[in-house]
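In order of appearance the chains are A, B and C, and numbering begins at 1 in each one.
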Amino acid sequence: MAVSFPSVEYFEALREKMAAHQDKFQRLGFIDTTFGVSVANNGKSRSFILEFEVYELKSVREVPSVDPRQVDFVLVGDSRVWREMIENIRRNGEADTSHDINTLAHLGEQLKIVYDSPDGHDKLYRFMESIQEFFDLTSQVDVSFNQ
Amino acid sequence: MAFYADKDYTQDQEVLEKMNQVMAGNLGLGWYDARTEKIKGRPRDLRRGLTYQDLDIGSYGYSKIPEFIRDNQSMVARGSEKVGKLPDMGYVLNRKSDVWSDNVTTLYEEAKSRRWAPAVDVPWTELDRNPLPHELEAACAQLYTFLQECALVSMDFPSRWVPLVNQDLIELKSFMCAQMLDGSRLLEAFRKRALYGGAGLGRASVSAEQGLKEWLWADTYPQGSVSINLSLAGLLLAVYRHVAAFAPSRVDRRLMGYAMQDAARQVSYGLGALRYHLRHQPAQAAAMNQYLDDTEHVILALLGSPELLEPLIIISGGGLEREQVKAGRLATAKLIRLAVREYLERLEAAGLSGRPGNSRIPQAIERIQVEA
Amino acid sequence: MAYLATRNFLEDKDFVDKWLYTIRTGELDLSWMKSATEKVKPHEANPRRGLTYRDLDIGNYGFSALPEKVRENRSYAPRGAEIPAGVPDSQPWVSRKSELWAFNTESYYEEAVSRQWNATTDIPWDRLESAELPETIGKALSQLMTFLTEVEMIATDTPAMWLPRLNPDFIEVKAFIAAQAMDEARHTEVFRKRALTTGWGLMQASPMNEMALKHLRDADSFSEMSVALHLVAEGNVLTMFRFSEYLSPTDVDKKIFRLVMQDEARHVGYGMQHFKYVLEHFPEKREVLHAHLDEAENISFAGAAATELTESFIILAGGGLKRENIEEGIRITTIFNLKQMQEHFERLEKCGMPERKERSKLYMMYEMGKAAAEAAGIRV
């Protein structure tokens, strides 16, 4: 059954896949970061907080909005950008260079990285390979778009 | 320099007697009731194993390291009982706030956990199946030549200082060792990438090397650390992200993905160490500002060196056609602004306020224009 | 100590203008594209190993082409790049290949990167919960671990001190040292962690062994440093790890010693291959190395007076403090001591210094010790 994007169910589905691929994530190493994901659509947005610990996604929850001071960083973007990313991953099995998190966020033109402190911001790069691998698991999840 | 033992021990009756006594079964057991704290450390979280944080206990913990380490110049393990005549190893970094950062144990554990191996973790042979156009490959060869110069200096820096750091700061010394291996691994990966593409190495950069040597040879560790761990690593982190975003091949993208993880750890330490330093030695802020005034020109020596700038333009634009070069210039100009903005943010976050006003770098950056 | 670049680049108008001009107009200089460097095409000799430093041993990029005296590069430029005038001098102290080279340096490094392990996660620490040791064994183990954590970091500090002093053309050696530094940090860590999980904490420092540490670090040349560190000290430690694995009171300790042994064997391997290389390629150095070995062996012998170590070893070897335990402990420790010396001389002989035995006081002590042991019915 397809999970809709954006939703807690979508991230929960990725969480399950992550648990099923522990070997991959253990090889990449500890991932200790809590970050936000914000998806904007027609002036409204839905936000989620993802808490990673050791090799796992410990929790995910939806929040009315993310306070950058409560997390390491927030990935903010239009639902169109997120959708393109997801569809790209579904097509290729993993994001291609134009659709990976780093590229989308690099110059702030597709996704924006909002952060309060540079320490938090730098965690995006410290754990980049794991974070990308996490989103790439979308290739194993059926996703529908409800917005 | 050589250190010679105080006597010929093979001829020393006292030593022979001591040894004979023990081997005759007359154990002295002077160590048996060592006056040390008795603890049994255990992992807090089994998934994570037994970390240095788990052992931050009592007299063994790093939290208890004093600001001034006056009672140890030997290699005695922190927390064990000191006896007899111990040598003076000549450490010059004996003040915790000259080197420490609150995240140092986290970063050490992370460095080990997130290790990689350039020989096998980069899909090298994809470059055979999809070779790059000549000018793009030449640009890569030049870029990776430049990055090797930077990686060499990043490896030399912790090596230079680690033997001078007091042994009580063992977790920090261990992190410096991890930095050495990180530096060496990047040097290796960049060399392999440059040569594998078939274009050979490019040209060394006079301006970059002059600047790098000024940073590497800083008088004090706190100064050198700001330059190498915060300024240089921060700048390289931005470059790695940029090359990953405009990666001409999957090889480059994968390589840069790993490189950014290593560089980001270095930056996190650089920022944390400066913060700790200024928090405990606030009077050093003025000196640090002065040091940056004097040495910030190196940022320009790096960003302005044609051996970096031109390949970056070509790689970001995808080639040498007029339109490609224009797109490349636009992207590279954005990268430069981004790198400088993040550099100033980090200094600010470390507690060195007012830097954007004092630094001459922003003025230089403001003069950048990109014509059609 | 500070070095000042030949120019302040912010004040160098030509430099800044050229930079701005390039970005503004897109008129690239591209002179670097015409670098007079060799074009080569490496390939993975063994795809399962991936792309190794040995695969890059081609033309003037290769380590095989390194001259005995590096005269051309003294900067931070990677070997084989075009070096323009004006690059700084990195002030290397060692620019002579035979002073530091080892046969197979590159493969020791590749092996190190490939076989990195993690003291935090690769040791089954949780199993110690159910492994209560008797007091004597626990304390003896803690004392052994105290000694080991005390000495391991010197094997970082010593080569690390030399790393920035080596000509940058010797990348493979620099890389090996960087990897060794990390190996030793991990050893310090794993032994410290084990001591702090016995319930007894760390025990007593070892002044005799600390003297050895100072000697190791303060050598006059890289080659002397390597002989004392990689061959003598780490050789001794390697034998010790093998015995410690055998004496380990728990399977957790066995695992620890097996893992550190792998690393240590690599360091000793480099040391032997360097020793061989320097004797073959720099014959004048032989006497200098003999003289340094005189000192290193003297200090190595002094370690016998470190009773806190010998005694804990005896207890671990014999399994306790009862009379019969001590007797058995002494038997094994005697074999260990002799084995350490025997292997030391075997290594020297294998590397091309068979005459060492005739000159060495330590060898005399070894022969006396062996005779005494045999008289006591202990067969080595």
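Just a few scattered comments:
We adopt the following convention: a residue touches a chain if its C-beta (ideal position, glycine included) is under 8 Å from a C-beta of that chain, and two chains touch if they have at least 3 such contacts.
Computed from a predicted model, the values in this text were never measured in an experiment.
In terms of inter-chain touching, the protein chains here are arranged end to end in an open line.
Between the interfaces A-B and B-C, more contacting C-beta pairs are found at B-C.
Taking each chain's centre as the average of its CA atoms, chain A and chain C sit 43 Å apart. As a whole-number value, the distance joining the C-alpha centres of chain A and chain B reads 28 Å. The centroid of the Cα atoms in chain B and the matching centroid in chain C are 21 Å apart. Annotation for chain B: residues 48, 109, 113, 115 touch two or more other chains.
Across the complex, chain A is touched by residues 45, 47-48, 103, 106, 109-110, 113-115, 237, 241-242, 244-247, 250, 253, 257-258, 260-261, 263-265, 267-268, 271-272, 331, 334-335, 338, 342, 345-346, 349 of chain B.
Those residues of chain A whose C-beta lies close enough to touch chain B in the complex are 28-30, 32, 54-56, 97, 100, 102-103, 106-107, 117-119, 121-129, 132.
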